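Sharing a structure below in structure tokens format, with a few things to ask.
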Amino acid sequence: MDIATGVGLLAGIATVVSLIMIDGGNFGAYFDKHAVIVVFGGAMAATMVRFPFSVILHGLPMGLRYAFNSRSIHPGDLIGELGRIAELVRKSGPMALENVQVDDTFLAQGLRYLADGYDREFIKDTMERDRDIFLMHLEEGSNVYRAFGDCAPAWGMIGTIIGMVTMFANMSDPSKLGPAMATALLATLYGALIANMVCLPLADKLHIKLEEEDISRSLIIDGILLIRESKSPSLVKEMLVSYLPEHSRAELIEAA
Amino acid sequence: MDIATGVGLLAGIATVVSLIMIDGGNFGAYFDKHAVIVVFGGAMAATMVRFPFSVILHGLPMGLRYAFNSRSIHPGDLIGELGRIAELVRKSGPMALENVQVDDTFLAQGLRYLADGYDREFIKDTMERDRDIFLMHLEEGSNVYRAFGDCAPAWGMIGTIIGMVTMFANMSDPSKLGPAMATALLATLYGALIANMVCLPLADKLHIKLEEEDISRSLIIDGILLIRESKSPSLVKEMLVSYLPEHSRAELIEAA
Amino acid sequence: MDIATGVGLLAGIATVVSLIMIDGGNFGAYFDKHAVIVVFGGAMAATMVRFPFSVILHGLPMGLRYAFNSRSIHPGDLIGELGRIAELVRKSGPMALENVQVDDTFLAQGLRYLADGYDREFIKDTMERDRDIFLMHLEEGSNVYRAFGDCAPAWGMIGTIIGMVTMFANMSDPSKLGPAMATALLATLYGALIANMVCLPLADKLHIKLEEEDISRSLIIDGILLIRESKSPSLVKEMLVSYLPEHSRAELIEAA
Amino acid sequence: MDIATGVGLLAGIATVVSLIMIDGGNFGAYFDKHAVIVVFGGAMAATMVRFPFSVILHGLPMGLRYAFNSRSIHPGDLIGELGRIAELVRKSGPMALENVQVDDTFLAQGLRYLADGYDREFIKDTMERDRDIFLMHLEEGSNVYRAFGDCAPAWGMIGTIIGMVTMFANMSDPSKLGPAMATALLATLYGALIANMVCLPLADKLHIKLEEEDISRSLIIDGILLIRESKSPSLVKEMLVSYLPEHSRAELIEAA
Amino acid sequence: MDIATGVGLLAGIATVVSLIMIDGGNFGAYFDKHAVIVVFGGAMAATMVRFPFSVILHGLPMGLRYAFNSRSIHPGDLIGELGRIAELVRKSGPMALENVQVDDTFLAQGLRYLADGYDREFIKDTMERDRDIFLMHLEEGSNVYRAFGDCAPAWGMIGTIIGMVTMFANMSDPSKLGPAMATALLATLYGALIANMVCLPLADKLHIKLEEEDISRSLIIDGILLIRESKSPSLVKEMLVSYLPEHSRAELIEAA
């Protein structure tokens, strides 16, 4: 669980709700079906013109799922775990891997290949392909949320202008001017909230996750291949640390 | 057919139409010939100053056509088809190609060159030139739609300011103020809709298509040349996969 | 003549004029000397602070001239013409060049050098220097128009604010409020029109011209040098095509 | 102490306070709990969605601390100090270092390693890792302040729109319109002040500090390693100057 | 003297003054101490948080001085002058340099080194360091003006919002609404004028000066070193021209 995403979204909602509560708690005044239709419908329509269907269908749910999840295992712990597995394989052979339980599904997949005795090329190609497909979908998710967040404020403005056109065109009764203006402004409000509270922060978070996953999965692949060649646990650890960019290496060692 | 483009545009129109319907369905209030003239006329004028005529005449219709079409054949299927053709040529010689029917016109052109026995250099040069001309026109299309979408909101604002100047200059009758303001705002509305619903998303989609076509057509050229040298079907498939960037390779294999 | 630039500017003016005509044709209401002074004076003042005088004096008129002109000869025809000249020189010697009439002044200059028997180094250095000076001035022109177009809207806003300050400060007579607001808005209108109708599109067009001229003049220089070495016409054509970037090559061959 | 940061922040507050004082000193009119909640709550919520918790917890306090601190020692003085230490070590051996007192904690750490006789690899790896962790946290601090400053104005606008919706919805009493509008505008004011007075300038300052610390700490590491090899003081100084980029070298010599 | 900077600034002031004159010449209505305090105080405060004091103290006056000065000697004339000096040194030896009078202080410094017979390394190092310190301060000046110009409009908006909050909060007397609004708008006006008339154009001009000074001073250093080796005047000229980038070479020759 990446708690920050959930806490942040809840805090954003709490911020808006508490504001309305202080103003009297008339939540109905802040809901308008026009505004919902124009902001969600419009931004969704533009996103469909912008991307092929396959990208949207992959990107939206995957993005949501990954924004809330964090890696169950930290890269620093991952190197430690790979070191322990290397020691086990050296002592008891690859057969012993069948009883090893790991949390990370990608690592589990690699261990299964080791236990089944696949050759180096197959393991490397299959796991790198899986990593690339995964990262590609994660990037598509980030792109879709960013595109959605980029056009939501414009559609909010479109909704407000449509509301103002209606309001000005029927300006015979001045007493209706205020409520009409209030309603028209809601579309701009929705567009700004969707962009600044949800979509753009989610797209940024997914981009950070993508970089983390790239490091973790590359590290797992390299570790599995080193273990397959029966390298010593200390060598496995040392090489995995040096595989990573210097910036992350520092982070790993600090965390370890 | 790229359904997403059409569905997206229809959804965008449906969004606006349903908003107006909810507000009473007075569609006439949302149409203004001033706004049409200033947004379309102005953005078209600026686009003409910006690009040579040849670019606009190529770019606009080609962009529209390609935004709605998708490749009839997926790169993954394309590799499969090229593999089958390689097998056919190995068994029955290039003459057998005369009876092969393929959907993709660029592939069909390559097969005709193979059947007619043209030499390697001619096929490579002619097909690469055709691919480059095609991609250049597709890029021009993307650029024209982006330039149009970038200046449409500015022309919408120009239209609204002209309307407001007229309105303020003749402010003797306050009862006309509302309708005049409503009309003035329509230009801003049209500019925002053209940019955010049509032009900018289309330009983005065309950019994605351009990258897809570049991969597919480069793959077809390489495949045709490999078949000409009577390579084995499995070698053709293997080499075509490795020709592609790693990112797309994953996508191909997933799709296959 | 680059017809698109002129047609585009006329279309832009026609758009604005027809809007005013529909609104009653009171052109006087859309002219204000305050707005002319603040937008032109301000943007010109900022441009003078921004660039040295020499750049402005070269850039403005040259940019205007080149935005309306197109190359009299297309690169494809240029290669054909250079081929014909190469044939003439092979048959009748460089003396025959004295009677050759060409439209392009840069090509004519090169032919004069050939006829006068200057050596390779002199021709190369002189023509490349002339090309570079020309391109530098064209780029300065593009930069000046872009800088002017970038600050015109800001000066339009400054003019509108000055007008609004005057209006609000003398708000004793409410009947004057409307006309004063109308006048104040004209500065914003002028700034937006100058930027979006004239300056920014011209700067973009000049940038495209610069790339075209770079290709054409480099091609002429290379052609002149090849002819000086009495290469065969077919070799001249072949080498000139291959000198160009692949993208342009396709364009040339298509045009030929 | 980096006095400029503190003086600048105080000057910013003084600017706002003096403005309110001139207007009558009614500070209560410029405070609104709605505005505080929406700008701080919203920007904090978006920052939590955007970054993992660890980054925020490290970045915010560290950024604040470093924006107010400057290096106790200037790179020019640092080279002088390292020269003196080199002379001491040459004369009296590394044991003499135990009595050396230096202000810079990173330099002090290096001297302790020298005195304790650690080997070159250990000193280099440990100190570079410490430098990288430090710079990474400083960069996270800069990123967090920038993200906060980027979204604060948007949340200010959200607060103002919510206030305006409330105001327009309850427009029955026109006498309350003014105060309600004043309150609504406060959110925009807070957002603009937080971004332009605090967050964005702090992020820029932290970026400058990061570059300074990178140079200083790299210089200390290189100096410690040179002293460990008992290089002559003049060689230490000369090599340290040449290690730095040319731009900084000039600055160092000027300062010396 | 760079006349364009002064003429441009005067033209900008004349534009604003003539606008006010046409509107009745009530200059007092366009001055407001609130606006002066918030725009200058705020932008200065943010600039102090953004940069260390040393950068601001160097950058502001140096930027102002250099924006108004131009090189007393054009690079083309500089090469000519260096050629004449080279001839003098060949005929009469370096001692003759003691009587040579040159306008450029950087060139004069180099000639003094030549006359005093310093060695190549010393001259090269000292003069390059002086050039680098000079360019660094000039760049700091450009950065400070750009940062000031970037935040001035935001502080103008802050001033206007504070004024509007005061105005709306005390809306009991509607007759004061107009003048209060006029005063509030002045802050936005000041911010826009400072950014678009002074700071951003000055920053752009300083950037052009920096590139010119880099070329001129590098050219002087190279010329001095060539003269020290008693190269022939024609060789000095030829080599100096070829040292420069091709773009500038064309400019030099044109100017010569």
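As written, the chain order gives the labels A, B, C, D and E, with residue 1 at the start of each chain.
Keep this in mind: a residue touches a chain if its C-beta (ideal position, glycine included) is under 8 Å from a C-beta of that chain, and two chains touch if they have at least 3 such contacts.
Computed from a prediction, not measured in an experiment: that's the story for all the values here.
Student: Please report the smallest number of touch steps linking subunit C to subunit D.
Tutor: 2
Student: Please compute the angle of the rotation superposing subunit B on subunit E (C-alpha atoms), rounded to a multiple of 5 degrees.
Tutor: 145
Student: Need the CA-centroid distance for the pair subunit B / subunit D, whole Å please.
Tutor: Between these chains, centre-to-centre, one finds 47 Å.
Student: Indicate the whole-number Å distance between the mean C-alpha point of subunit B and the mean C-alpha point of subunit C.
Tutor: About 29 Å, centre to centre.
Student: Work through the pairs of chains, note which ones touch, and then classify the graph as line, ring, star, complete or other.
Tutor: Graph shape, chains as nodes and touching pairs as edges: a ring.
Student: From subunit A, heading first to subunit D, what order do the chains fall in as you go round?
Tutor: Read from subunit A toward subunit D, the cyclic arrangement is A, D, E, C, B.
Student: For the complex, which residues does subunit E have touching subunit D?
Tutor: Listed in rising order, the residues are 33-34, 37-38, 41-42, 44-53, 56, 128-129, 132-133, 136, 147, 151, 154-155, 157-159, 161-162, 164-171.
Student: Applying the document's contact rule, which stretches of subunit A touch subunit D when the two form their complex?
Tutor: 2-5, 7-12, 14-16, 18-20, 22-24, 26, 29-30, 67, 70, 177-179, 181-182, 185-186, 188-189, 192-193, 195-198, 200-202, 204-205, 208, 246-247, 249-251, 253-254
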